[in-house]
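By letter and in written order, the chains are A, B, C and D; residue numbering begins at 1 in each of them.
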């Protein structure tokens, strides 16, 4: 297929490479030039401006946050100028509110739009092992399914309202953050009671919680190894705020999310915003003054 | 081995049966007679009183809570009268404080004591698939290892202070309760946003959280199927209070545990104390008045 | 003095009337016409558009929220077109972020700006008994002091950065909301223990907490009398979000504010958003299922 | 009247002195001898043992916690041996559960019992300005009313179940702790936003919250003056636990109390348990790393 791809961060770059690898033709754009060059070396065409990439059978957007989508696509009116035969596939983690706005503007403009955020970190993106959450017009999804197949291990369908895929993504990220908070609290308690957090976490990861999230974050917390970050804590705060906002839109209290948000602020106040978001566990340890015990 | 076994609830009965199956000789006692008769039919000897079962190479206690241990073993002074060649193995989920007291009294009496709580529900006990967390004098643990091998799939060691095994057990149960709370909040939010909680939970159980705890409780919550209970909500409250107490002993705040405790009280106030402890999810749904939405 | 006054809600109308009463000349504007007519009857001049009221020695703005300020003053560029001899006095409860932006735009435009939110409800406004929190250039404050004297019982000074007055206002409103939440929880507990909440609250209001906030809300909660609202619950949510946002700007967790926010969402989900914000107490009662007890 | 008085801490000593001053005859007992000697110098008679003070028209107990009541009165069986003509007036802050047990044991023994905890610190006790919360048999209360009049400024009645006075006391102390927590959070936020906490608190104490509790704790927090303690933080934790226990008995979640409990543990973990319980405000400041900001 002939497609545009805008937003080539750690995730986008790997996803675009897999699309090229699968034989698709890509016109790519990114704010900074380095990843563009890397993809051109793999066969992509560089777009001089976002508008030049908004054409073809599909356009994939993969930005870091709402602001980037607003500045690149919404404010310049690119959504309204997308060709009717092009399917816009937004794969970035954005707010439910912005996803709803994007859907409405595409609907008004008569162009096709699919919400398709993903689960998976850059290594999963590189291995084409992403889980893709897709929502939108079934015909539009069917048209871009070959692209999903080239980037992910499985596509999960969440109906025709595109923003619902974002609801699911945001709820999933909340579950991860909540799990990290709980792991931090539990490890702080066992430590203070004389059981090394690492021993406790090793048991958990191998018995009750033998799954990716607990293995990954249990290992990081056990080692106290928060740098370099796999996912920055400031982005964790962004994501938990997306969950709180999604809840607030529909009058749903999420007290665990509120608690996690406060722990993130505590971590950022203590200078840990650029560490891995698992550094939430250091907040639990600090509340207990573990570092000041002999 | 020649052993005593006191406390034959759903867990104890299955564990004792596996010991008989492995060729050990058991003298059993239980408050109510039915499980005693069932085990006698499998070859056990019935004890007329707890004291009569407190003899042999090991005595295993498997009660529902601190109170049962106090009334059966501590108040009658059985701990002090256990033979020096007998290893008392407490496998019940008890408070860290009581575990410490048991250890101290055995130490004072010169008798051997091992803390050995387990992870696994009755079906895992029946299948001899328990994870056994053992702490105490290594020589004493070595003597009872054949018993552990007959009841569990693996023994995890947590050092020489017997109460530390209970610390780990209590921390693990807290992690489960925290996961249930988070699942409930996330599902309430997705429901209100138009995504069926079941669809969301199905994704989670098959991707990020593909492990026993999330599969089990995700399935229960998705189906809204809280009766009959696998583990009663009132016992969940008991367990979260054990975690809070363990934290308080060593000055460790556990805000997620506090939050979960409050949700349990809410559930009990609404008449759900005898349901499965996953009914915590109904509290999240009620906070959002999901039941009152069309 | 010759002044403009824009925003004539319950508060603004009463404040403007006091200014007229004190002999000042007012040009007034409001989105809906009724309060304008009422003030014209008292001697004010009606402005056809906000711009027509942005002149004279001072312009007072008194809107319900950030959005109204943005739409009326910022988006049309009125801030930039205010005469250099005019002092803009914003007395509305707005976000710290918007207060900072207003200050910066006035500074850039070379015009004078004073932040001056108030404590007091419409009855206090009518009685010229407001407490006015003022921050900004001392010379500018001095010029509008006669206006403050006509509207309030006392002016409190918070330095030269105009947004700091808003910081104080937002923090104060948070304290009120937190007090209401605690009153609700305490009354729910005493009720369930057999002591009428009203009896308990009566004691508190007359002993430890013999002050306006507790008297006011204690009386409302004791009577369960949430309609008509003195201050709507949805506005309470708005205010607690201003506190959380002010905290987040400077990395300060406010866990009590988070908890109160979640209680507000619970109340709104249950249809109580238009009631008095003291209806927070019904959330505490519902968590305990008080209404379902005989 | 001829009365016994047991428990002569800072509160009890001042209350007993006022009773002597009013002309009553006191037989006093205390664990440590110094306060006994001081009261003997004022005309009291020393009792060699608690039993010797459990006689006369009334016996007042004023201990620091549940444990002291248990060890002094319950375990030695003094409750059962109190003369039928004696009214036992317990004025200590104890758990609702213990108050209920005391009432039941007196009822079974056929002796009179009144629950009468107080609001007021040692200075109020010395000035006979206590607020006394009384519950129990009206005839018994009437008999000891002259004693209340000698110790307090007003007696508040809470019906015939003696433990209900304790419910009210426990709920009131919770309100104080919740107010301190909120003051700490608000002051941390204003500080980080550039407004000295002291300035903010000064405003609050003189406007919205012009009452004893806010004045007292606002002043302490503004000055950061937590030593010597007026009321120790570890006792604050004890009191908040009484509130949580009272709620738990009747299935009432009190999330603010849970939050405050966790803050107390944080403070104690950081070595502040012996400071004034207003040091809760330092926890809010530490969460925001205020001490590490320039």
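Heads up, the rule we're going with is that a residue touches a chain if its C-beta (ideal position, glycine included) is under 8 Å from a C-beta of that chain, and two chains touch if they have at least 3 such contacts.
Quick caveat, the model's predicted, so the values are computed rather than measured.
A.B. asks: Taking shared residue numbers divided by all residue numbers at the interface, is the value for chain B and chain C over half (same) or under half (different)?
C.D. replies: same
A.B. asks: On a CA-centroid basis, which chain has its centre farthest from chain D's?
C.D. replies: It is A.
A.B. asks: Nearest whole angstrom, what separates the Cα centre of chain C from the Cα centre of chain D?
C.D. replies: Result: the chain centres lie 37 Å from each other.
A.B. asks: Can you compute the centre-to-centre distance for chain B and chain C, using the mean CA position of each chain? Integer Å is fine.
C.D. replies: Chain centroid spacing, chain B to chain C, equals 52 Å.
A.B. asks: Can you work out the whole-Å distance between the CA centroids of chain B and chain D?
C.D. replies: 38
A.B. asks: Considering chain D alone, which of its residues make contact with at least two other chains?
C.D. replies: Correct list: 247, 251-255, 259, 262, 265-266, 269, 287-289.
A.B. asks: Among line, ring, star, complete and other, which best matches the way these chains touch?
C.D. replies: Its topology is that of a complete graph.
A.B. asks: Touching residues of chain D toward chain C in the complex: what are they?
C.D. replies: For chain D paired with chain C, touching residues are 96, 119, 131, 133, 156, 158-159, 161, 164, 167-168, 171-172, 174-176, 178-179, 181-183, 185-190, 192-195, 199-200, 203-204, 207-214, 243, 246-247, 249-257, 259, 284, 287-289.
A.B. asks: So in the complex, which bits of chain C are touching chain B?
C.D. replies: So the residues of chain C touching chain B come out as 255, 262, 265-266, 269-271, 287-289, 292.
A.B. asks: Which residues of chain C touch chain A in their complex?
C.D. replies: Going through chain C, the ones touching chain A are 247-248, 251-255, 258-259, 261-263, 265-266, 268-269.
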